[in-house]
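Handing you this structure, nothing more for now.
For reference, chains read A, B, C and D in written order, and residue numbers begin at 1 within each chain.
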């Protein structure tokens, strides 16, 4: 039952609307401090672990903590109904806002209805909800695909043979990125021969798929991959495939390779968005509860680094894990966690 | 009245792994050739030595893991803790490497030891507490996952593989032959020896056929079962070590894609899921079969849906060809 | 009535039935005629093809050739259900009860009474109670799980189950082999009544005196063929046995040696052995060279006693001494260790003695692997040598040592079980009803073997449900009743009368009453 | 032994499952911020019922000493199908329902046919058919989406008389319509018999093939009822590989918690239902205990480990070691 109002948002720099026609919401202002819950689904990968750490760290920041009476996190695994039930339970237990990384974009319609009736603010991020009745904090997935394809087109002006390593079949993220890539290639009018394999956002899987593709197709002119990028580069190295332009995500390991082998032809565009977006989502939820105007769909800035700009200690960290996602700060929202900080933070707490 | 007819079938006198006549194993190998022939219609590269070696290398990860699975299946049990045993092996080996040069040296043994610990819990649960393996291994898998999540979140562990791990998985000591393949060959040879020439192997088959009789024969069946699970945990973890070496780092999800293929490979190789029957050569065939099938579907850019359907149909078809249990009458 | 029979076709007739398993000819043009109102005994040594014959009759096995006629009309059974529908009920040598179903469920299993398509459990229960009563087993609760019943009770349920289908032909394949004398007497009364009711009965047994008591006519099988049929009582035992085994049959039991002095120290001794309520105050000893029998009704603790000695039972009390020294035996592994040197020939060869799909070789050497291996590695030559020796010694009839042991006949399987333990050259041998389902020839071999082993210095404890055996084989017999040793019989004191009366504990009771 | 003791012995495993569930649920509601409200019960039962249906499916097959590793995939496939078909007018919706249930039956029948007539070992056969069903699901729903008759969905996931969760009522109805007749029929008894001892069952001349075929087929049906409920609960269809695998594995855990023997011949669907509800409550306990988020998976794993080890205590009462071997 938020009021639909016209923009701009209370904090227009951070809460950028997704598109010009995006609606703006104004919820009735509530007295703080608030009870906020994070309903996460899957948990067993670095991205999600980092995300949870960030959420906790963000909620513990003094100015944020002052506004919160309770911040509760529950991870329900890959089972959609379990996540739906978790949200139901949060609603029944009187939480003011619920932040969700949704296991499925379309399955939450009944819960969204219930949240609305109960006056609970629902904010989805990362894996967002296919709805206009809740707030989405959104990454432009298709835009990423466009970006990568443009990068390859720039380096291969005459077109060429491209290896596209896709993510998990059937997810909107994978499809959006894929569509972005292919539309962009088509628009160049050049001849592109795209070989698609499934990497499942997983390094070893992507690595195997790439190795197989190289063994059979011998030579590619360019590569684009979503997730598993480190594995893809590793496969090239193992197969002694010459380095070629590459459009990929923001894993630290990938960026290490990009920096190291740039001179040998590994010209990278590394773009994506890190787990710190959860902080933006929490921030949005608090703003909504305070009665500020917020867009129904918030567009997150993408963190992009392109060759030759990979800077050690800023865009990548040689001493740190390959697995973490570097693009992790949102300066426009005053959110400046480096992944390093997040990983380090709890170490001291132990 | 010695009625003992002493016509000895010569084939039977050979060691088990040379029972080349085992129709299941022979058919499995025939299927491999068929698959390659089929693939070569798409591209002759499927017959190139690079491609085949690459497949063997990748197959050796599954091969190492499936070896442990086979041992457990021969006992009539199953190990569903493979996914996180693999992850634990890889992650812990990498983590150990953070502790200076000593850590580097101990990385691989430490990773394997962690897998053995999981196997030990499974083994105690199955052998001493008599909990069905299907459920205790499911539970330890969940616990291992929980531990790794806590660990990753709390300790920001190092996750890049050591040079030794990388060398094992991707190097080649013998020119042209990846080390991973050599390792699988060694593990396979040990497995064959263990299964056919040792009291342990005999006991495994005996227990798989009739544990009660094995026990009454004075075999410490519980210890054998426990040891088998420990070996399975160790090999899963070692698979994880190799996998981490291959990808040059470890990640939580690295074992997810190995459970069902490991079971399928063992059974496609003619080992009875009920225990007591099966030869290692069959498992080798099964592993190569599964790896090739996955790879060919991948390279042919088959969409995921079709890939799953073909995968399922091919497995059923091959089993119908040779994996049928004898009729009751 | 006899007049009519001549014109009427026989109730059931089998002609030219053959069945091969690989190279083994289980049946070779076998013939059989079954008449109503008669008990027809089938005799033959182990592996003669008796069980195969009746499996063909019961639709369990399909013959390679030959035909079967019921009431003169040719019939074909594709499955046991067909045979059943035709009025043939069979009690197989291997029990066909489902362990996790109740007695009532088992009795009514094939065709339970139904209402509205669903099983009517009330009616089923009545049916079961009636069938149990008919089989003389009214004491078995119809709701008990078969799994929880001792073997002899299961056998009775099996008989009740067969009767419940109201068959015209009832086949019993060694149905009494697990029964004690008292149960056998009950069963016989039932069988005689059924004969009077006009049923045709086929009766397979290795116990000659049973056949003498029951049968109207007999058919002897050898090597898959029926070698002769005759009216009961027209042949002497010796003649019959000669037909069966093709050789002379003379004194079954080996002579017992003269008792030596009692001074020799006992090799095995039990003091105040107890186990829950099932074994109490067990005191006895066995010397080297002695064969000591365990007698009594079935289920009086004899099996428990053997298992307790072998380290299988938990929570036993009292003391077990080996060579006069206290021994802790907490597992079969300890029991078979060199220090103790014990062997147990278990009760049920299919589930406790053998791994049926494994080869004869693997089964034979399974208990002795530790002796033929170094550091866990099997010395195949040593293994081979031991195995060859044993196969010769016990004359095991097999197509080779690399065939699955499951393909051997029951008697030969039993020999493998015994051989497997003899390979360890045990000093203390426990036997749990080792001659169950074994033909006279093989039995005789086993008796002689036992005596030879004893003479060579082994201490033998021998449980048998067959009184003849106890009388013929044992130097002493301990009779158990309700978990206690109530009588010890010795030498010429071991008589059928003494065994039975002490088994029923009658003397003890009269004595108790007198006191 | 008197009559009631036999009854108790027959029901022991099921009663254990009821007990474990009751205890866990009690802890859950006692600590729930909202307490024991109709909403809380509705939420718990909607979630629990999904797994309960899949666990029922698994039970039928496990009773025959088989296993069905494709139940989760049938669940997913029918969810995807329902998100196409169970929409529109009452007539269309009804036809859609039948089509979905029919598909479940067909999948189960295919499993049954392969296992029984193809004589394949159920574990691998159903791994393979599971891949096929998942592939089909992915063809139907390359992306999550679709819709369902919302009136029906709300009715079946809502409450009766404002109090009783409708999903529980449907569950009870399915038990009455599917399980009770099955378990009391000759076919059902044969399923138990062949699970307990296939040889004995065969010798007894009972219709083993029919019974196994019925068990697999009905399992498909039950899994598809689960798939329907998933659709009612989410309004959409999704070909989620991870969910399919998770439900398959959870169903095995539920069956074991419910006292059904994986060796066959023992246990009942009622036990499995409570096993499923208990298993689901393990997840719910996360709400009521303030656990560090990253410790939650470990907590669930440990609770599961403890729960499955409970049965092992009976072991210490075993006096005859041969009983270890069943």
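Of note:
In this section, a contact is a pair of C-beta atoms (placed from the backbone, for glycine too) under 8 Å apart; a residue touches a chain by one contact, two chains touch by 3 or more.
Remember, it's a predicted structure, so these values are computed and weren't measured experimentally.
Listed by label, the chains touching subunit B and subunit C alike are D.
Chain centres here are Cα averages; for subunit A and subunit B they lie 35 Å apart. One simple way to say how far apart two chains are is to compare their mean CA positions; for subunit C and subunit D this gives 43 Å.
Put simply, the C-alpha centre of subunit B and that of subunit D have 30 angstrom between them. The residues of subunit A that reach two or more other chains are 43-44, 49, 52-53, 169-170, listed in rising order.
Shown for subunit D are the residues in touch with two or more other chains, namely 138, 142, 199, 202, 294, 296-297, 321-322. Across the assembly, subunit B contributes residues 145, 149, 153-154, 212, 215-216, 304-305, 329 that each touch 2 or more other chains. In this structure, the chains touch in the following pairs: A-B, A-D, B-C, B-D, C-D. Residues of subunit B touching subunit A in their complex: 43, 45-46, 48, 50-51, 54-55, 58, 145, 148-149, 152-160, 170, 243, 246-249, 251-254, 256-257, 295, 298-299, 301, 303-305. Of all the residues in subunit D, the ones that touch subunit B in their complex are 67, 114, 118-121, 123-125, 127-136, 138-139, 142, 198-199, 202, 208, 249, 252-253, 256, 262-263, 294-302, 304-305, 308-309, 311-312, 315, 321-322, 324-325. In the complex of the two chains, the subunit C residues touching subunit B come out as 60-62, 310, 312, 331-333, 335-336, 344, 346, 351-358, 362, 365-367, 369-370, 373, 376-378, 380, 391-392, 395-400, 402, 420.
By the touch criterion stated above, subunit A contacts subunit B in their complex at residues 43-46, 49, 52-53, 169-170, 195-198, 200, 202-205, 207-209, 211-213, 215-218, 230-231, 234, 238-239, 253, 320-323, 343-344, 346-347, 350. On the subunit B side of its complex with subunit D, the touching residues are 78, 80, 125, 129-132, 134-136, 138-147, 149-150, 153-154, 211-212, 215-216, 260, 263-264, 267-268, 272-274, 304-313, 315-316, 319-320, 323-329.
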